[in-house]
Structure formats: C-alpha cells, structure tokens
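Heads up, the next two complexes both have chain A, just with different partners, chain B and then chain C.
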Partner chain A sequence: MWLKLLQDSRTIYTVILAVIIAPFMVTLKLPIPIPPPVRKVYDAVELARQKKQPIIISFDFDPSVAGECKPMAVAMVRHAFATKTPVIGLTFLITGANLAQSILDQAAKEFNERPGGKDSIVYGRDYVWLGWKPQYVQIIIAMGHDIKGIFKTDAEGKSLDEMPIFKGVKNFDDIGLTTTIAGSAIPEDWIAYTMQYKARLAVGTTAVSATQYFPYMQADQIKGVIPGATGAAAYERLLVDNEYWPTFGDAGAMANTQSASHIVIILFIITGNIIYFIRKSQKQ
Partner chain B sequence: MKKTLPLVLAFVFGVIYVIQYYVPGYASTWLANKTAEWGIVLGFFIYPLAIYSFLYYHLIKIVRKAPKWQYSIITIVAMAGMIFAGFYVNWATNAKSLGDPDYIFQRLYDYLLVPLEATMFSLLAFYIASAAARAFRARNVEATLLLITAVVIMLSRVTIGQAMLAQLPAIGDWILDWPNTAARRAILIGIGLGGAATALKILLGIERSYLGMR
Partner chain C sequence: MNSVIAALSHTSLKEVLQRMFPKVWPPAEISDKWWFVLAAIGTVAIVSYIYRENMLFRIAEHVLIGVAFGYSFTVEYFNVGQNNFVNPVFKEGNLWPIIPAILGLMVVLRIVPKLSWVSRYPMAMFVGLGMGMMLPRYLQSTVFAQVYGTTRVDFVGSISQGWPWGILATVGGVVLIAGTLCALTYFYFSMEHRGFVGGTAKVGIIFLMIGFGASFGYTVQARISLFAARVLFILRDWLGIIT
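What follows is the complex of A and B.
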C-alpha cells in the first residue's frame, strides 16, 4: 500500500507543489555559482561598453518560457543601461512583442526613477524598440548588410535616421554583441545566418535547450550562453557583485525553489528505483 | 505552368541567397535585400490565409455541432476580441501608444495571455516529476549511467549542489563541455549534411514534397 501511495500521481503532484511554493517563504541564501558560459556573455557586454558600441537584444521568447527567459533579459538590459551601453531591442516572435517592450520600458523607468537618475535613460539614445517582423531569416541576412535598410523605423513608426543610437551603425560590424533570448530554435538560425558576417553572438535560452549551443560556443561561433533560470541568477549575481544593480532579481529568488525541486525529483528517482527493485525481487 | 513556375521561383530566389553568400558584392547584396523586403511583404499574406483557415475550421465545427463545439465559440470570440482591442489604442482607456499598461490590448496580454501560457508550461514541472518517479529505472548498465549523469547534472546546476560539494559545478561543466558536446556535435554534423542535401534537392527541383507534389 505504501509503495503504491509513493508512486501515486496525487502524492507526486502534492509534494512538487509544496516544494515549489515553500522556498519562497523562507530565506535561505545559498551561494550562486557563475558558470563560464554566463561569465563570457557578461564579458562580451563589457567589451561592447569599452568599444562604445550598442548591443542588440532579440527577445525571441513568449510568455510560456518567460519564467526562465525574462529574468535573463531583464538582467542584460540592466547591465547595458548601468554601463551606458545602448540597447537595440527587437523580436521575431509576435506573442513576445508586448513582453519585450515592457521589459525595456520598465528597466528604463527603474533607472530614471533612481535618485539623481532622471533622464539617465532616454529612448532613441540609450535604447530603441524595433518591434516584430515576420520572415526572420531574411531579416537576419538583411541586417548583416544594413540594419536601417531593413527596419527603417521603430515599432511606433519613428525614423531610425533621426535617432542618436544609430549614429555610425550600419550592420553587425558596428554592433558590440547580438544576443538572442529564446525558448525555441530561433538561436540556431541566428547562428547559421550571422556566421557570414562574423557577428558577435550570444544566446540566452531555457535550461533544457542550453546544451545544444555548447558546440557553437566551443567553436567560438557564439560568445556565451545563459542557461535557464540558474544562468539568469548567475548573471544577476555578476551585476550585484560589480555594483551595477543593488539586489538580485526574479532568478535569484527562484534559485532556492530550483534547488528544492531538483532534490525532490532526485528523491523521487531514488524512491522509484527502490520500489522497482523490491518488486523485482518479490517477483523472483 | 502550375508545376514549373513554383520550381523556377524556388531556384531563382534560392540562387540569389547563394550568390550573396559567396559573392557579397553591391549587386548581390542589393538583390538579397530586395528579396528580403519582398519576403516580409509576402509574409503578411500568410495572416489573412491563416485567419481564413482558422475561421473555416471553427465555424464548420460550430455549424455541425461537432464534439466540444462550444470551445470554438470561445476561440473565435477571443481572437476577435484581441484584434478589436489591438486596433483601438485609445478605446476605453487613456493609453497613448502600444505597450502602455492602460492600453486594453496590453491588459488582455498581461492579465490573460501571460498567465495562461505560463500555467500551461508550468504543468511540465509536475509531469517531469511524475515521469522521473515512474520511468527512470536502472534497468541495465546504460540506463544506470544515464541516471547517474542526470543526477550529477541536476545537482550541479542548482545552488544546493555547490553547497553540498564544491566540485559539483566543475564536474557538471566537464560533462556538458566534453561528452555532451561531442554527442551534440555529431548530431549537428548529421543535421548539417542532411540540410545541405535537402536544400540542393529543393533548388534543383528534385525535392517537391513542399509543393504537395511527388
């Protein structure tokens, strides 16, 4: 009976629900490790700052994976704004457009509302929102030749020629780093179609998809990878350690929940195997 | 003509991109950019077609009172509502532009679409836990190796792993950097070769299944 109860879906679901919720109610500060792929993305943004080049962030995710992808997008935008590195935002996923725009606008608002920070982040100078366009493969190829040629205006229809952020920017040669944050296969296309331009590329993705980008990183086709919420938490730690941002964000808060849920899933696997071997010996 | 023209178009536009890749001069770049612009324009024609198929499918279901036809009404109302809200930026609010939190479309997006999609995806946590408990068994040597690797990776990726054993993140990184990357690279090479062969077959008109032909 006990063995059956342990394997029952209702038991598993109840334990998982409790384990996901409980860590949010207790303060447990565990050290957040910084994986080398995350450090490389951070360093690439720093390099763009030194070169005084803008970065592109392609917010290629929608609400379904926002839990993992939004914290890394927020952390990268905060990093860029804190270092006065201009951000060119766009998306190739229509259901992610509103989410992406609100991330940029919210981050700009946060910086402008800080003491002495009024007008520190200005639209058109420090960031721009290009919105969504279909047929992203053609767009990526065209961006390699002339970004303003294919986009012409921002999402609101304002001409890019009048914006200081695009001064001296023609194509990927003038971009410090292009980051695609996605829960789908869009980064694969970013890698494939920006290779010919030797664009400096980084990928932020869900933990489950992250491993597929490691070969590209080893071959230096991408500069780094932010893997899931733990990667985002590591990025947040880098911002806190370097005093770019005072506190951890959503990913930092999720770290304990992830730890607890991983431990419980491992316990489920162990329990399941014990039950399996007990039943096997009983049959024999 | 009906069969030949699409094949000719696929060949011509495919070759334009091949040329701009290998001979990136002014003319080939200009041509590729123009093709991209046309691609975007053509891309928008997909949406009326998609809306037509969507409405056709659901209206037929409602008219025929097919099983669960009531959900089709909700689906059509939801789509019509989002389109209507999208066109009326200032409708019933003081919103000035897209992305304004007062914009009715933004509200529907923030308070309906975001939680709905997040909820659907969150269910994965429960299914993964249930699947792990029921199916992840050390039945043989290979399965045991997979199981041990999975446990090490799961622990090495979270904060408690480092607290338990300081070397765990490094062990996890090694597994990801070497065995995992070697396997991924082999798969990627296979995909690359397959993709190149398929692309060539499409350009030369050998592969026609994308046109519904054999």
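What follows is the complex of A and C.
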C-alpha cells in the first residue's frame, strides 16, 4: 500500500506543497551564498557608478516567469537607484511592458517615500521608461549606432533630447552596463548583435536557461549571470550586506523554501531509485 | 503549468483592462483587494489541474488565452499600428509607411488559397534579411568566441598563483579543454566508436551527463521558484498570513 501511495503523483505534489509552505511559516536563516557570476553583475553596476554612466535594463520577461525574474529586476533597480546610477528601461516582450514599468515606478516611489528621500529619484534624470518595441534585432543593432535615433521618445511620447539622463549618451559606448533579464532566448540575440559594439552585457535569466549562458561568461562575452531566484536572492544579500537596501525581497523570502524543497526532491530521487532496484530484484 | 499560474497575476489582468477600457475601467467601486481575490482564484483554479482536469481549470485557461490575446493586440495596435502607420500616413501625410504596410498585407494573403503565392515575396525578403543579419553574428558569438574562450586558459599564470586557487584553476582549465574535446568526439560519426575514439566518446558521455544533471537541477529550481512565488502571493498578499 505504501508503495502504491508513493507512486501516486498527488502524494508527491502534496509533500512538495507542504515543504514549500512550511519554511514561510517558521523563522529559518539558512545561508545564502553569493556565486561569482552574480557578484560580477553587481561589480559591473558598481563600475558603471564609478564611471558615472547610466545602465540599460531590458526587462525581457512577462508575468509567466515573474516569480524568478521580477526579484532580480527589482534588486538591480534598487541597486542602481541607491548608487544614483541612472536606469534606462525598455522591453522587447509585449506582455511584459506594464509589469516592467510598474517595477521602475514602484522602486522610484519606495526611494522617494524614504525619510529624507523626497524627489531623490526623478523621472527623466534618474530613470526613463522607453517601453516596448517590436523587431528587437533591428532595434539592438540600431541602438549600437544611436539610441536616441531609434527611440526618439519615451513610452509616453516625451522627447529624449530634453531628458538629463541622455546627456552625453549616444550608443553602447556611453552605457556602463546593459542587462537583459529574460525567461526566453532573447539574451542570445543581445549577445550576438551587441558583440560588434563591444557592449558591456550582463544576463539575468530563469534557472532553466542559466547553464546556457555560463559559457558566454567563460568566453568574456558577458560580464555576469544572475541565475533564477537563487541568483536574485544572492543579489539581494549583496544589497543588504552593503547597506543599499535594508531587507531581503521576494527572492530572499523564497530562499528557505528553495533549500527545503531541493532536499525533499533529492530524497524523492533516491527513494525512486531504491524502489526501482527493489522491483528489479523482485522480478529476477 | 507554472507559467500559466504566474500569468494570472492580478497586475497583468488589471492592466490589460485599464489599457483596453481606459475611460471606464476600473470602476470606482472595485478596490484593490478584489484584484487579489481574482488572482488568487485564478491561481487555485490552475493548480487544481494537479488533482485532475476540471471545469475550473478549463475556465481559467480560456480566460488566460483571451486576456493574453486582447492585451497583445491592444499594445501592438497602439505601439505599432498607430505610431508607425496611422499617425504618419493620415496625420502627417508621410506616405512611405504604405510600402511596408503593403508587404504586411501580402503576408496576410496566405490565408486566401488562390492568392497565397503572393505571400512568398515578402517572406523571401524576411528570410533573406534575417539570414544576412544572423549568420555572421551568430557564427562569431556562438562558435568563434566560444572556441577562443575554451582555448585561452592561462596555465602559466594560474600555476604561478600556487596552491590552492592557482592549481585548482589549472585543473579546471584542463577539465574544460578535455571535456569539450571528449564531448565533441561523441558527436563525431565519421569514425566507428571503437578503441581510442570509443574510449574518448565514453568519457564525453560522462561530461554530457554532468551537463544534463546541472540543467536538470536548475530546471527543478526554476519550477519550484515559480510555484513558491505563487504560494508567497497567496500567503502574504492575499491571506496576509505572513509578512
């Protein structure tokens, strides 16, 4: 009977659900390590700050992968705002446009509502939202020549020429770091089409796609990778450790859940293999 | 499954409705808490599929597809159709956008059986343009740069750093080159996999399995993350059980 119960997928789902919920209820402080690829993205933003150059964040994800990509996007925007590094936001995914804009606006609101932080983050000076544009390959190539030439206005139709954030910005040469946060293959196109411009590129991606981008980092084609929610949690830890932001975000809240559920899945795999060998020996 | 769950977040549905009906939506009496309720119902409806397929799941699935299409169509129209065609042609008198519009219409003619041949001309242009742009850049980024990245291991520099990191980096470099060569040998089919070639290919399989294992681990992590994010939404944003 136990064997039959273990083989029912609903048993597995129930256990996983319990293991995901339980860590949210108890105060556990499991360590959050900082992988070198995440540290490199963080350092690249710091370098942009030192050079006083804006960063581009391409929010190339939609609600379907927001659970993984949104925490890293929020962490990066907070890092940039805390260090007064201007952020140029855009997206190449139509269903992600409003989500991305809300991340920028929400982060700006948080900073402006902090004690003594009124008007610390100003639209047009500290960040801009360029919105969504179709046919992103052509857009990336055109950005390599002239960013204002291809976008001309922000998402609301305001001229980019009038915005302080674009003062002295022509193309990727004037951008401290370009980050694409995506749950699809869009970063591959960013890498391929910005190579000729020698753009400083970083990738934030879902964990499923993470292994795909490590070779690009090895070959120095990208500066770093934020892999999934654990990567986002590591980035949040860097912000907390360096006192840029007081608390962990959603990824930090999910870190314990991740660890607990991974242990259970490892146990499932071991149990599954034991059952397999028991059955095999019984047949023989 | 998880992507469907997450896509039913209150943010997207609320914003779609605002975008589609900016003057009348949202009605004043609908407060934010109802968006959370709607999103939570959607999440539960989709997750109910785990138990078995049911009517609630079907309804949620159809709502999602309808909302996604409506949202995409609206944003496409305002961002592309209006900005790139309607406004330039009808408001500014610029007739150049008519040419790409005609090419676009030619593609649509694919749905008319007798005129479907017309669509081949713009398609030929798209394919040619795409290949021309893609081939050299992808060769550069995925082949040449990767080969360079694999072979430029600085053995002398690493060894000079001494134990432990220098030596470990050197070993890592050797493993990287050996692993790449062995894995490539596994996919080399012009020689029978026997003797030295067979042995190398078998080592290649081990490296490939390690790679697949890493990918599988990350996949598990990804799925758990997406589901955990929805659980966090239900417990914190909707029910307020945790802070």
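Here is the rule we go by: the second predicted complex is superposed on the first by the 284 of 284 C-alpha atoms of A that agree within 3 Å, B and C clash if a C-alpha of one lies under 4 Å from a C-alpha of the other, contacts with A are read in each partner's own complex, and residues count from 1 in each chain.
Quick note on the criterion: contacts are C-beta pairs under 8 Å (C-beta built on N, C-alpha and C of every residue); 3 or more make two chains touch, one makes a residue touch a chain.
The structure displayed is predicted, hence computed values, not measured ones.
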Touch test for A:Ile32: chain B only (first), chain C only (second), both, or neither?
first
Under the stated touch criterion, which partner chain does A:Ile21 make contact with: chain B (first), chain C (second), both, or neither?
second
Between chain B and chain C, whom does A:Trp132 touch in the aligned arrangement: first, second, both, or neither?
second
For A:Gln258, is the partner it touches chain B (first), chain C (second), both, or none of the two (neither)?
both
Mind sorting out which residues of chain A both chain B and chain C touch, each in its own complex?
9, 13, 16-17, 20, 62-67, 95, 98-99, 102, 133-134, 141, 196, 207, 211, 215, 218, 227-228, 230, 258, 261-262, 265
Please give the residue numbers of chain A that touch chain B in the complex, ascending.
7, 9, 12-13, 15-17, 20, 30-33, 35-36, 62-67, 95, 98-99, 101-102, 105, 129, 133-135, 138-139, 141-142, 145-146, 149-150, 155-156, 196, 207, 211-212, 214-215, 218, 227-228, 230, 233, 255-256, 258-266, 268-269, 271-273, 276
State the interface residues of chain A toward chain C in the complex, per the touch definition above.
9-10, 13, 16-17, 20-21, 24-25, 62-68, 94-95, 97-99, 102, 131-134, 137, 141, 188, 191-193, 195-196, 206-208, 210-211, 215-216, 218-221, 227-230, 250, 253-254, 257-258, 261-262, 265
So in the complex, the part of chain C that touches chain A is made up of which residues?
2-4, 6-9, 11-12, 15, 19, 50-51, 68, 71-72, 75-76, 79-80, 130, 133-134, 137-138, 140-142, 145-146, 148-150, 176, 211, 214-215, 218-222, 224-232, 235-236, 241-242
Quick check on the complex: what are the chain B residues that touch chain A?
17, 20-21, 24, 29, 32-33, 35-37, 39-40, 42-44, 46, 97-99, 101, 105-106, 109-110, 113-118, 120-122, 125-126, 128-130, 132-134, 136-138, 147, 150-151, 154-155, 157-163, 169, 173, 176-177, 180-181, 184-185, 188
